[in-house]
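Below are two complexes that have chain A in common, paired first with chain B and then with chain C.
Now for the complex of A and B:
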């Protein structure tokens, strides 16, 4: 890498530091993102208001969190989990079932629930859901790590998880009454009027990026994803890596399920199959975000920061079109074109950029 | 044996198995029905399937249900498999995934000579010739009832000193058949009132899309003022109510919400955050379908070609007393009739 300050002998200015610290891909993506914002601000009423910016990020939060989790799988060279929405479906059924279970209602039966009793109900449901998600991720990761084709393994797992969720819930909506212990996550806001799920998205995005950039595990993800043989030679087998990354993706999917259930105080096994985005399929939406973020499908190249920006970028385009009065057909078309455009641009940019960051 | 031989033998064995199952299913001397519909995993359709199965059992019919994942190609394949098995039922029930794209399959079913009952989606000019009748919901009636409810709420608000009320519509996708019927009927119902539609967002089905669509609409319309919100179904509306609350509106005071279908959240009506809804019961729809089959098999025709399920208005004042007598003779309360987060 060229050190700009060394070649000029001066302290690098902002532009030089950006060029030094970030690849053309990141610069291009941020530039495109800024361009969208500028165009939006110029031509769309109400686009660049605080309220609307909050709406955009809030809109991106749920799919964004899921996409951040999936990015670990992609960066490690294990393609995608095609079972993301089914993991979420099983998780939301588990969570809502436990939230509504009589044995999980803490405190006196005939009195209004206390904050402590609501929290305990939530905690039990949350922990159990995360355990199930961890098992679901580990199971898929182990099969992939043993050499199973990620597409085949996760397609099979998708059917398994959806089937369990469907059987468990008898295909019915499971609801629980407000007030409940998940409201703070689904609809609450601790920091002013910023929804907690938005805050969670930002925190998860920052933590994920720090893990990838500055921890040994993060380096291993890139190493195994970029060159599996090199990873094996240095003692980093894909078996363990696949399990870890699939667990991260599954836990992110489960967290989204908990947050969504907290928002709507209910659960149904089909919530993530038909309710997210105009395409209606959350897995497809999440994969699209990972791709728009410029992450390499072959692994070893990309970041969760790009994924997060990809989620916000898609949300911005969709938001701008709604404000301009476009109906769903035109919006689906525009988002689809953006995805294709992004993939082409990033593929071209990547040819001349670094293999591993 | 070669790979090809094994494959052919497997296909033959599979076809024989389907035929055997179909033959065994219809072997008894009872009228038989084959229903093609969406997946039980969808809450509304799940209750619909329960309705047709339970009522068919009660009436002494054998019934086989073929579910597709909202996929017309999959449904077409199921039709071909049933026809290829060669064991035909006495009646087909047809809930197309896509009424236009599925016309070929409907024609193929009709050509067998077995009568076909269309359900859920109103007949159009193209498919009328292939069916003996329709049983299902009336999108127009429930939208009209929602409009009347909103008029009632607006009149009360006007009496309290307000005037000139803006309405935000949270729609089905505009390409969906039910959209045109719903919005036209709703507009007719509120015509001449103090209600004016200022926004119509079609984010998609379900609560998440309802939330997302409403949040964007609020950003562009809040300066203009949002006083009423109409959800084309309660699931969409439930998401919309969340978005309005997050934006600082007090539901029931600043904004009055009216929905339809009864597939949302009962607690919102109890708490006064949703003024009301109009019932569209999947259980009742399933029962009605079997009733129409029974009538046709007994008389060779239907008294009415179009048969709608009832769509009574449901508000906080009548929520605990609304009930419908099913075609199985039982009286069903609102928690059994609705399909969303009710009774929880």
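Now for the complex of A and C:
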């Protein structure tokens, strides 16, 4: 197609560019997908209302933030962390334990707590949770960076974190009283009727995208992911990169845990497992979002913008199916089909253009 | 004695696994009076029936240089299908149907992995979710149950002291797969694509056949494990059995597989599984909650991985050091020669 533009002397228009860059198979499959989506949107009642759009984005926010964190790991070529939900479980236990701890009540216990004391309680719990998550991420990142297989390392770490979380909480539900300092994050809204968690999702998505595009760190992530040998030759070892990326992913998971705990004022290790939620466990959901968004799982190609859009896409398909009265089985099946579909499309696009590892 | 010494030096991983397993068993046999009894032996073999299958499946996958994450979902699907159709079709028919489904799922996965040339973890994390959805669909989001409890009774009948029909079947499975891996060309092909994939492909081994065989066996094992669990307990849940992946991976790694592939074997898988079972059963005697078992398994896996990675890094560093030494020595020999050549003239 380049010769067409060269002979006419114009830059190629959008249709030409798409036909040049993608194979007909991919265009057909993505087109089919869009068709199903548009048809579903048109024939589902109450789908295209402002209230429903808000619901979709709010549903996408929690998994979306986690997926944005995981995208850094995936982009740096370390596949994915199978311990996302366990990190979140450990964090939610830590947060709720500290929120309900006796010594962590800044101010009179019997009287109405002031805003200041609530905020201080929240701050202590939040900072401690983030520290725990950072340690968890750094531990995994160090093992991965030394050359351990990311899947096996995080599988073991998942068992470890889940065990620690259950042991800490005695496998019980920890609850704390309202009003508490995390309400503004969980259920509050500062801007009109838009929930704060949605705002946080948007802010995190924008910041992550800016970091990836315009900072040295972002470019290093792409470099290490796309070509590990070139990265090493230019002094960018995977060791430091794996630690940094795993810390980012863990901190995002911990943030989600804090926000979720703020919503329900309690914590239990199983809050992110498939036994609790209806639509599969959180780890696989997050990986699904990263894949469906169109990030290359081998690293070096993709962006957090794609991940955010993937989160909104999966959330809206889920929402559409709920509105049409599907059960959780059909919804999990749909998400599974979407992952496998995106894997196959991606492999077909990349086949031949990339050396087999 | 000399032969034993030779054997140990030839199989360091396997002898380490045997040592670990024996010491875990001895530890619990000494600390728990009830552990060293016939009944506990039977209970351990009963656990071995399921976990051994998963350990075997993961061992084969890791030997081929891949890992099958969908094993828990596959087992859950097989369990749901068997339990659901047993009342209508009879146990044998529904069992065969479930095994056919899980084996063909495995084979299809293997085909796609070879055809698309992607890593197995990428595809199997997708099928993990997909099969979970299928299982939920098949179970209609309920816990399916048997109405006729003669089958669970039959499966855990005690025979030959320590065995039940289930564990005997699994031992036969181990023997068959072990012979297959050791003495057939297909088995050696699996080792070849795991240990040295590029070389194997260059020497004309197709990627597809070993992949399909490995993942079909893995699917079959997962299915059989699911069937045994489902029929033994009489119930099946679509979202259950996800713990199998961690336990099976620990078993495979204790058994001496390397994450790089091409190493390990069926005997190792059996010993690794037995070690995990001793640990599990012994901890149950101590009234340890199940999450603590998970914690110990996680730590065990991390330690094994750390050990393996550390030894690999160490070896690499040593090899690099040796190479540098070699280069230095050659350079010094060369400079000596040059000096020797120059001296007479100068």
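Note that in this section the second predicted complex is superposed on the first by the 300 of 357 C-alpha atoms of A that agree within 3 Å, B and C clash if a C-alpha of one lies under 4 Å from a C-alpha of the other, contacts with A are read in each partner's own complex, and residues count from 1 in each chain.
Keep in mind that, in the parts below, a contact is a pair of C-beta atoms (placed from the backbone, for glycine too) under 8 Å apart; a residue touches a chain by one contact, two chains touch by 3 or more.
The shown structure was predicted, so the numbers you read here are calculated from the model rather than taken from an experiment.
After superposition onto chain A, partners chain B and chain C are found to clash with each other. Of the two partner chains, chain C is the only one that A:343 touches; chain B does not reach it.
By the document's definition of touching, both partners, chain B and chain C, reach A:327.
In the superposition on chain A, A:51 makes contact with chain B only, while chain C stays out of contact range.
Using the contact criterion defined above for the overlaid structures, shared-chain residue A:265 touches chain B, although it does not reach chain C.
Of the two partner chains, neither chain B nor chain C is touched by A:202. Of the two partner chains placed around the shared chain by superposition, chain C is the only one that A:80 touches, whereas chain B remains out of contact. After overlaying the two complexes on the shared chain, residue contacts for A:164 are found with chain C alone; chain B is out of touch.
Residue contacts after overlaying the shared chain place A:146 against chain C, while chain B stays out of touching range. Legend: residue contacts after superposition of the two complexes on their common chain; A:335 is shown touching chain C, with no touch to chain B. In the three-chain superposition, chain C clashes with chain B only at 92-100, the remaining stretches of 56-64, 92-100 or 218-226 being clear.
Contacts of chain A with chain B, set against its contacts with chain C after fitting on chain A, overlap at residues 162, 166, 171, 269, 274-275, 280, 327-329. Interface of chain C with chain A (complex): residues 67, 69, 112, 116-119, 121-123, 125-134, 136-137, 139-141, 198, 238-239, 242, 245-246, 249-250, 253, 259, 289, 291-292, 294-302, 305-306, 308-310, 312-313.
Looking at the complex, you find that chain B touches chain A at residues 39-43, 46, 70, 173-175, 201-209, 211-213, 215-220, 222-223, 238-239, 242, 245-248, 265-267, 339-344. Of all residues in chain A, only 45-46, 49, 51-52, 55, 58-59, 62, 100, 162, 166, 171-178, 187, 189, 193, 195, 260, 263-266, 268-271, 273-278, 280, 318-319, 322-323, 327-329 touch chain B in the complex they form. Chain A meets chain C in the complex at residues 79-80, 82, 143, 146-149, 151-153, 155-164, 166-167, 171, 269, 274-275, 280-281, 284, 287-288, 291, 297-298, 327-337, 339-340, 343-344, 347-348, 351, 356-357.
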